[in-house]
Amino acid sequence: MAMNGVLRPGHAALRVLDLEEAVNFYGNVLGLQETGRDKQWRVYFKAWDERDHNSVVIREADKAGIDFFAFKVDGKKTLEKLDADLRAYGVSTERIPAGEMLETGERVRFQVPSGHMIELYAEKKDVGNGISYVNPDPWSAASEKGIAPTRLDHCLLYGPDIEKVQKLFEEVLGFYLVEHIVLEDNKTDLAIWLSTSIKAHDIAFVRHPEPGKLHHVAFLLDSWERVLRAADLMSMNHVSIDIGPTRHGVTRGTTIYAFDPSGNRFETFCGGYQTYPDHQPLKWTMDEVGTGIFYHDRKLNDRFLSVVT
Amino acid sequence: MAMNGVLRPGHAALRVLDLEEAVNFYGNVLGLQETGRDKQWRVYFKAWDERDHNSVVIREADKAGIDFFAFKVDGKKTLEKLDADLRAYGVSTERIPAGEMLETGERVRFQVPSGHMIELYAEKKDVGNGISYVNPDPWSAASEKGIAPTRLDHCLLYGPDIEKVQKLFEEVLGFYLVEHIVLEDNKTDLAIWLSTSIKAHDIAFVRHPEPGKLHHVAFLLDSWERVLRAADLMSMNHVSIDIGPTRHGVTRGTTIYAFDPSGNRFETFCGGYQTYPDHQPLKWTMDEVGTGIFYHDRKLNDRFLSVVT
Amino acid sequence: MAMNGVLRPGHAALRVLDLEEAVNFYGNVLGLQETGRDKQWRVYFKAWDERDHNSVVIREADKAGIDFFAFKVDGKKTLEKLDADLRAYGVSTERIPAGEMLETGERVRFQVPSGHMIELYAEKKDVGNGISYVNPDPWSAASEKGIAPTRLDHCLLYGPDIEKVQKLFEEVLGFYLVEHIVLEDNKTDLAIWLSTSIKAHDIAFVRHPEPGKLHHVAFLLDSWERVLRAADLMSMNHVSIDIGPTRHGVTRGTTIYAFDPSGNRFETFCGGYQTYPDHQPLKWTMDEVGTGIFYHDRKLNDRFLSVVT
Amino acid sequence: MAMNGVLRPGHAALRVLDLEEAVNFYGNVLGLQETGRDKQWRVYFKAWDERDHNSVVIREADKAGIDFFAFKVDGKKTLEKLDADLRAYGVSTERIPAGEMLETGERVRFQVPSGHMIELYAEKKDVGNGISYVNPDPWSAASEKGIAPTRLDHCLLYGPDIEKVQKLFEEVLGFYLVEHIVLEDNKTDLAIWLSTSIKAHDIAFVRHPEPGKLHHVAFLLDSWERVLRAADLMSMNHVSIDIGPTRHGVTRGTTIYAFDPSGNRFETFCGGYQTYPDHQPLKWTMDEVGTGIFYHDRKLNDRFLSVVT
């Protein structure tokens, strides 16, 4: 519960194969709002109900995938402290100056043992959610343009040494384990779901030989009916659906996995229980792993463990 | 975000006029699970998805209302620290020994300026949510017995000096202001909604001349369809509905207010956005207060400001 | 079940006090589609999923209310037969020539004992529902513009002699009684719900001294979540809500009653069971009439029996 | 629209491989109500909201599949007329005496060109839906026991000569075509959906070389949330899910296909538009047939066209 001052996922920086195709997808199909473009040709988006300037940043590259994933912390003092804590823990950190990303303050970047670049930052411009902060309506027309998730929610990353990742997130950043899948040896985790809040996950990892891979970035929807609407819009727009609508056993969330035009998997999901650090983590065993991931099918599809970017 | 270690609402102790009538109501109509009775004739309940032993405790009395409302903290060290912080802040605290409430550890009790008794505690027995912690199903038959909320969520209390209450909750307990209604003078708050998590409210207060009054205790439902089911069950059981199903402007939640057989108002609600301490609080002005409370009717009913227990 | 060839409600002709204000309301708030205007200054609308040219026709007048309510029949032969049957039954009929209403064939008009003008017609131009009839998508962007009901569903009319109306609808037009409210004498009906299909009502009547009055015209929504969305949009657009979201005991439907800017009540509702002519009609007694109308409140509001146009 | 007096699907007679296993499945998992057993060892069920004595009848056999599928007509006169019409049309009919099925009147049985046995009957005992016909509640506890569909809705049958079947259903029984899939020759139908009401389908056929096969029997649910609940219950009970939750392009319904323990496919679905005989049928072409059947996946799974009983 943000015991160490880490608030929430703040931005995901994704690589896409064709920028304008991706701009159309993220803007018109997924229904994020474009908030700016910078001199590096990066395009910035936010979900309609997010107040900060950006949560998804895309750039064109030869290979799809994720450049970095960032968390907002609760102030500059926390940022300094966590940077010091990371270095004391033995993690090299890099400072990215304020303004390197549009409307975003200084960032502390570091690599975790799974090979992913993680960032912390304390400041991003509040550009509003399109609804007045005085006497607000509950939603606006923007919530019905495209799939229109309310916000970036979490990501699932694939890479090695996830027990070291977990230790770092727990001991330095204050996250806690919510659910895990344990391999047949009954001690090695195949997958871990970590929270810095009362959300069932703020970030998750799956053990994988190749470092730095992206399984999916997830966006939150308000209801199971919005999940249906999302699936309908995917079909109308010929988005490639991986699986769904269905339910996860892990987190209980209802979900669709699909692919952006570059092959990056994304999730639009609803629900998941609320959890607390005093809750005993939920454990999945390999004989029920299919049920844990896809509760209705009770088995994994081939793509789940193999297709990453 | 639990910056000071306060996790969540843990229990509400309510007074009822007729114990067995109340046991029937809380057990069979609201659909909580009875978990015990003690020598003081108190009856203990928990919501189906809660893991700790109890969240609602009722006792028979001549007058309905609330005895105390408690928050769980993240450990005994935090409990000690917060007790010290409270005393340093000038608040008298009382220690209630472990076991005074069934399966509940030591509690630190104190009165806030609105006249309410608040408690903190670190330990309560994990009795499970009826679902295995290994390979769990997403729900169980218990989630369909009566209204069956997933948990105790928050309460709204009426009393004087709520600005002092807010200061105490913010400065000592680490809560933050999420929404508030400002009187015509544009500086005095009529009502405040406070969070110690990412929930839109963990506790709320309305300015009221008489101290220590209860407006409602709230229970969480998973969907708008569950809100409809709750209203249907209330009608089937001749529960007196105050208002709803409807939506709140404040928090965006969908809701029903109704009364237990003793006249204690309760809420069964769904949703409400997730919020963070870096979010600018939402402000409601008196000309739109009706819309803020009952978004569809756009006006308060007479009972909202006057009927409390 | 259309045994006599009467298919469904086809159009309601409403009087409004200010035409352009009403055009804005029906077009932008209720979210009907304007399909034409004629030389009598009437404005035509259809719901997005209706295929025929119009279902709501409005004209400016000094007094709000309903001019006539029409049913489509399954062909010109049926139209001729029903005209003959009506006259044989002792009802005077009038022929309105094709084209008097835009894109609408010849109409047979007659007055029922409650004082309302009813029409039958066999032909109206299929202008499509905005979705291809080949490989259609399940919905289109038009379903999210305003409240956007799928279609005109039924109306509730107030007037005298409803037992005579029932007899005419049953014996000549082939409708059947689905539900009724019986007065304290246990034989006189206060209200009757009649179907010519498997819908819980295609038309309904309440006994009332003044003839020819309109209680409401009803529009169908797809889900309880769409009912919530409708209520939200009403609030955003300062539409005066009579009651709801709530449930009817009669028909089980979930519902909102509200008023157009001229004071004509309308309903946006979802559900209601499907019924058949072999089903015994459901009966409501006066001591439970409140529950029958507003299932959650279990009592009528003052407006239900008195405010009509 | 029941122009010829055929009201609705009345019962499906299914063969199962193990009677008690099937009794457990249909009673406790699907949540039908057992209403009787006869001397032929057949077990009778009805859905909770159905009023007539039975809608599903099962018997143990060496091979799963469907024995016959029946429609209720609106009276004995209609039954006689339709029997005469069938014979005049060249169809042999057989009379099954009243009482051969429990609480069921005389049946007229005939084989259609696809090889299936179809029955008509006019009388079945009204045993109630568990809710009073006077001042009824909208639902009862029975609606939450197992998946608990509200009723038997339709079936999809596989066999040859479906154009002849269509002609018979249209010309003798008064059904009309709602949707169809046309083969690459743009004139031969692969599949037809037929209605005798305003439901998107009361029966459907797919062209298939082997006669008399069952693709699925379908049961109606009230909402997309009930579809999710059904999928959850299937997983909890290890029911084999074929596909879903998802949406059909055809009819727009939301759906799950799954298998009973004997391998008979069944569907639990919600929605589908309401239609009328004056509506131009919707047409699907072979290049979009996957989208028509499974709107989200946009392709058929292998089982859809091959696995029948």
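Note that the chains take the letters A, B, C and D in the order they are written out, and that residue 1 is the start of every chain.
Everything that follows uses one rule, which is that a residue touches a chain if its C-beta (ideal position, glycine included) is under 8 Å from a C-beta of that chain, and two chains touch if they have at least 3 such contacts.
Everything numeric here is computed off the predicted structure, so don't read it as measured data.
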What chains, if any, are shared contacts of chain B and chain C?
A, D
Pair joined by the larger number of C-beta contacts - B-D, A-B
A-B
Centre-of-Cα separation between chain D and chain A, whole angstrom
43
Inter-chain centre distance, chain B versus chain D - centres from mean C-alpha coordinates, in Å
48
Between chain A and chain B, what is the separation of their C-alpha centroids in Å?
31
Note the residues in chain B that touch 2 or more other chains, in rising order.
137-139, 223-225, 232, 235, 247, 291, 295
For a test of understanding, state which residues of chain B touch chain C in their complex under the given definition.
224-225, 228, 231-232, 234-235, 238, 241, 244-247, 254, 256, 291, 295-298
Partner chain B, residues of chain D touching it in the complex
137-139, 144, 223, 225, 232, 235-236
Chain D-touching residues of chain C, taken from the complex the two chains share
1-3, 5, 7-8, 49, 51, 72, 74, 126, 133-139, 150, 197-199, 222-224, 247, 249, 252, 271, 273-274, 276-285, 288, 291-292, 295
